[in-house]
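In structure tokens below, several structures.
Shared chain: subunit A. Partners: subunit B in the first complex, subunit C in the second.
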Partner chain A sequence: MANLLKIVNGERVDRAAIPMIDLDEFLQSLTDFVGEDGSVVQFFAYREGASNRLLAVLRNDDLFLIGTEVGESFPSLTRAGSKKFQLFEREIAEQYGIRPNGHPWLKPVRYHANYPGLPDIFGNDYAIDIPGNYEYFQVQGESIHEVAVGPVHAGIIEPGHFRFQCAGEEVLHLEIQLGYQHRGIEKMLTEVPQKRLPVICEGIAGDTSIGHNLCCCQAIEALAGLQVDRGASIVRVIALELERIANHIGDLGALSGDVAFNPPAAYFGRIRGEFLNLLQVLSGNRFGKGLLRPGGITQVMADEQRLLIAQKLSEVTPEIRNVCDLLFSAHTVQARFEHTGTVSLAAAKDLGLVGYAGRACGLAYDARIAFPTERYAVLPGNTNAVTNGDVNSRAEVRREEILHSLALIEMMLSQYEQTRQAVQMRRHELAPDALVVTVNEGWRGEVSHCVLTDQTGRIQRYKIKDPSFHNWMGLAMSLRNQEISDFPLCNKSFNLSYCGYDL
Partner chain B sequence: MLKVIKNRFEQGCKTSSYPKEPITLYSRYRGLPIVNKDCPKIVAVQCAQICPQEAIDPERLLIDLGRCTFCGQCETVENGTFVRFSQNFELGAANRQDLITDGQLPDLAAHAKAHFKKLFGRSLQLRQVSAAGCNACEADTNVLNTPFFDLSRFGIDFVASPRHADGIHVTGPVSMNMKTALLTTYEAVPSPKVVIASGCCSISGGPFYGSSEIIGDLNSILPVDLYIPGCPPHPLTTLHALLKFFK
Partner chain C sequence: MESMLSFLLATLAAPLFPGIILKVKAFFAGKKGPPLLIKYYTLAKLLRKGSVYSTSTSFVFKMGPTVSFATALMALLFFPLAGVKPVFFFHGDVIVLFYIMGIGRFFTILAALDTASPFEGMGAAREAFFSTLAEATVFMVLILFYRMNGSLSFTDYFQSQNPITLMSPNGSLLLFVVVSMFMILLTENSRVPVDDPATHLELTMIHEVMILDHSGPDLALIELGAFYKLFFYAAFISHLLIPAKFAGGAAGGAVFVGTLAMIYVAIGVTESITARFKMNLVPKYILTSFALVTFAAILTTMGLV
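After this line comes the complex of A and B, so read on.
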């Protein structure tokens, strides 16, 4: 692993410093790295003149960078042994028309024509606007039946297609086909004026507005050499934790509703709103849109807002504890949560699950601890007591994280430091020939952006990774040998992002 | 059982008395923008230049609420000389043109089609279709079913099947990959039916305008009856629009 460049989260790297090594050596390094419990943060292609390049951002206790030049194809790393690459390789094939030879199942990720306009690897005609022009995996047998759900689902949720292979009530295999939400964001970000970047990044996944925009702002800050003062960092941490709490509480309520235990569903549904309203107190928007901009924050947190947040927290914290107790101590709930949708630690490791989905299986990784940004280096981490990999564990992890986040916000509120000046979006000169990787622990897990500039300082490639990119396969695995009626419960325990995946 | 009762007492009744009693939103909430008609043109031009959404017409001193994400940056120019965002969340409109405004929106109730009130005034069932929405619009629509808003007390419900619906409520900029599913859902709703465009994405493409992967204007493929602006629309904006337009 001597050929990997160690990098720091959110710090600019000169492109000349990126080790661009021979393809075979590159592939071997990646295989070795994940073989030793390493994980893939990003793995993507970009065009350099007439040639293709591959870049990988890897992590164990540190972050590493490595690159290579590639032709029209390369030997699949998935074939070579690690499942962690399977989706990244399909994405590379779809975005740049580079074929990972021997990939065990090369199918589209999002269904769109590749960027350079090369012949399509999947043989799709994109004039036909239905994603998934390919054969679904099928189980054969006399009593096997298939259930197709979506893209339009029964509730107010995003679109995606689920294909179940069942024997009676038992699900043998679930295949998840997404792409319906594809808006072409990565391509847009290299073409639009800089003033649009934060607004677009806030829309990558609206429930992770703060998480994604934080990655975007930190990337621009690194490339433009901007400093963020402590007062602004404090508000960024509070906003990210409010976002986490709001989503976790909403999910605990929905999980309760899915097992037909209505009181916590109603209470948590309402309490979630209180946290969205706190984001509105900070920023004027219930999802924190418009709050973060390169260089700091757009609205100062003054004593009035600090007090409003503190008061509301002291009001709802005991309520949250009580409703959690009501939910988790009900034996009917326990009977439905426990041993449902279990993902083993080995499978979670294999697939590279992140966030609460990973932590519920015993993978402790939390980007706030491993690669802290803003004020996280001085804040305490969280540990999880229940890590059996089932719905119950994913729910317990949420409960623990809600209480942990409440404590973090309290600590941040007690630091009376106000940002010197609110900032607004303006155009910044970006360093030429540079690269930056930003990683933050969004509420679902590891959110990462990688920005590459050309010799004029223009953004040449903007790569986004939502934690859902890793975790959708975890949901599919959790359904193996489960009753199909447990799908809503399993699905909600993961609550993954469709648009964050589809981009 | 005791815990259920204990929590029930602690929670109490949290349902809002809106619309019988008005609600005041926190001062930082950015609702209907009020344009200063005496604003010097140079300031308006400055606002138009920084607007990430190209929502400002500096010549006529108007803001397009169908494009605006209410980020509030224009309000910071010259201390709000061009525009100030009020806390008025009543933003719904029946015509696309009405959304291009200086802050005076026509009365929505007066512009609603009379037969809609007759048909759907007592019961309105909607099928929600997320067509590449970022999940903010979807989440803040879902919130209407929580006890605070309690949408069903007005006879309005979101239903699972388009066959049971009186219309569709669409969020998102309509990706190419969702176009077919959206049109199929619309066809499955029995006539007469309504189409509601919720959020700036469905009205103009929102933050994603200009992308080749989206339609960007719901009205170009389906006849929109009601526009609800915002990024996302505040739940009260949606509630107000539904009540005024159909009740």
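After this line comes the complex of A and C, so read on.
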């Protein structure tokens, strides 16, 4: 571990300081690190002149950085080290045409041609619209049947393709293929004028617009040397927590609706709207778009807004408690939630699950506590009482987080001070030859952005990681030996982002 | 004449009652809910549309809706609604009737399999399995009724000299039957806690998934057939609940409609206060209804009641 560079969340690092070590040593360091309960935050490739570089951001109690130079291929860490690398390696292969030799399941992540224009690793012809050149994993046997769901679904949700290998009602294996919403965001961010970055980041995943934009703004602030005053930080925390509450409440309602228990579904649907409206009070947009910009916030929270929020919170908090009681005390609901879609702690560790999906399995990691930004360093953390890894645990974690977030907002409101000045987006000079990693706990889990600048201060590589990137495999695992009719419930309990994954 | 009239009234009124369920569910959810006549609007909308047929289906697919509608309609022809003699009746008509409804289900399942969709096959398998279990309960009810009343005809059950009512000497046994038949009503008409008629999640559906490919007038026939079937089961339970022999005329009709409405309200309440069962719990649920009726039947053989 001696060769890893310890870094601080949201602080600029000179690229000269990044340890660029020999490939073998690099792979060994990564294997050792994850072997000792370390996790992967980012692992990606970029071009430096004519050569390929790999960069890894790792975490245990601290954040670490390490890099290497690589040719056309490297020995797969998934095989030698940990399953945590499998998707990152597939992404590297897809984006830069670098083959992870011996990867147990090398298949496309998003279905697009690689950036340098090298021959495609998967043998795909991207002139064809539908990803077809892939043999799904198949189970064979007399009573085995295959069910294909999507990419067009019956509900108003995003597109994704699910292949179930079933024996009767029992699912033996679920394979998930995404990429239908690939918009080329990472590449776009290096090409567009700087002032568009926050706008694009707000659209990475519509339900995490605050989370992703916070990462983007913090990265630009670090590279441009901007300071955010306390008042603006407080508003950022409030916005992030409002987003968390709105989504968690929406999910609890949807979980309730999926088991045909209507009243909480209807009540939560309405209460979710209340929180979206609070975000509108704060920013003028129900999803908080346009609120965060590098250097601060665009709308000053005056006393009027503060009182409106405080008043609404005291009004809906008891309602939330009551509806939660209604949902969690119904024994027919308990019968559906408990022991459904269980992911063991061992499997969760193996896959590196994050966010509520990880916490429901007993992985306590919360980026707000581990790598606090904004005002989180002075705010109390949350603990989870139910961590069995089933749908019930994922629902309980949501309930606890909603109540915790409500308390956080109240604390922030009581410590409130007005920001000095609202900021608007303008172009900032970024430090040349620098790198910054930002990590925040979005409502779904660990959101991380990593920005590299070249010697002129232009953004050379912008790497985004949505928590869904870690967690989709968790959903696939939760379906093992479950009834296929429980899939929608399991899916909703994870509620992962398609577009956050597809980028 | 009177029989024909009651039959026609029933066919016209059947789509009204499911509106009650929606209203009750909306009340529990704190909503206004759709208008009471929503199902008529839906039917009118569907009948105005055209049907779309997949090129991979055959004539079997088109037969499904027609046959299932016809069999549901026949159920009402045999049933003595509100104490009025049914259009048709003969000794043993109950057995014929339940098997006619079986034919309807058979063709719905065939039509589902004809689409070659993995969803519909799954739904068909579930429907076939669960209705097989439900049949056991229904026939145990018939056995019990035969012991109580000595007949195999709806008309004799409710209109003979020795009608089956709660007031008769062994009427207490009917409480078992009422509970069991209500459970069967929920099962056979794909209601919560067995199935969820409101869900959009194909993987969880039982009945709805079988009719995903039907559209326009075909779907209208299926929907209408489903209303008749639900009406039939609700009417059956109403007759068990109304304690005395039917007075006939307007008063009898009013009591009947009132009881019927209460049963639909009960369905709405059940759907609002319970979640769906896990799929593997459904057989146990259906067999519970079987056990209840069997218990009642055993009591009659022991001569205790």
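Annotations for the structure displayed:
Note that in this section the second predicted complex is superposed on the first by the 501 of 503 C-alpha atoms of A that agree within 3 Å, B and C clash if a C-alpha of one lies under 4 Å from a C-alpha of the other, contacts with A are read in each partner's own complex, and residues count from 1 in each chain.
As a convention for this text, a residue touches a chain if its C-beta (ideal position, glycine included) is under 8 Å from a C-beta of that chain, and two chains touch if they have at least 3 such contacts.
No experiment lies behind these values; they were computed from the predicted model shown.
Of the two partner chains, neither subunit B nor subunit C is touched by A:369. When both complexes are overlaid on chain A, the residue A:155 reaches subunit B and subunit C alike. Once chain A of one complex is fitted onto chain A of the other, the partner contacts of A:486 are limited to subunit C, with no touch recorded for subunit B. Within the superposed three-chain model, A:407 lies out of touch with both subunit B and subunit C [touch as defined at top].
Shared-chain residue A:263: touches subunit B and subunit C both.
Number of subunit A residues touched is higher for B, counting subunit B against subunit C. In the superposed pair of complexes, A:21 makes contact with neither subunit B nor subunit C.
Contact with subunit B, but none with subunit C, is seen for A:195 once the two complexes are overlaid on the shared chain. In the superposition on chain A, contact of A:167 is made with neither subunit B nor subunit C. When the two complexes are superposed on chain A, the residues of subunit A that touch both subunit B and subunit C are 154-155, 263, 266-267, 270, 330.
Taken in their complex, subunit B has these residues touching subunit A: 3-4, 6-8, 10-11, 14, 25-26, 28-30, 50, 52-53, 69-73, 76, 85, 128-143, 145-148, 158, 160-161, 172-173, 175-181, 185, 201, 206-208, 210-214, 231-232, 234.
Touching subunit C in their complex are the following residues of subunit A: 145-149, 154-155, 169, 256, 258-263, 265-267, 270, 330, 332-333, 335-336, 340, 483-489. Against subunit A, in their complex, subunit C makes its touches with residues 25, 28-31, 118-119, 121-122, 192-193, 196, 198-204, 271-281. The touching residues of subunit A, counted against subunit B in their complex, run 110-112, 126, 129-131, 151-152, 154-159, 179-185, 187-188, 192-193, 195-196, 198-200, 202-207, 209, 250, 263-264, 266-267, 269-270, 272-273, 276-277, 280-287, 289-290, 298-299, 305, 308, 319, 322-323, 325-326, 329-330, 422, 424-426, 497-499, 502.
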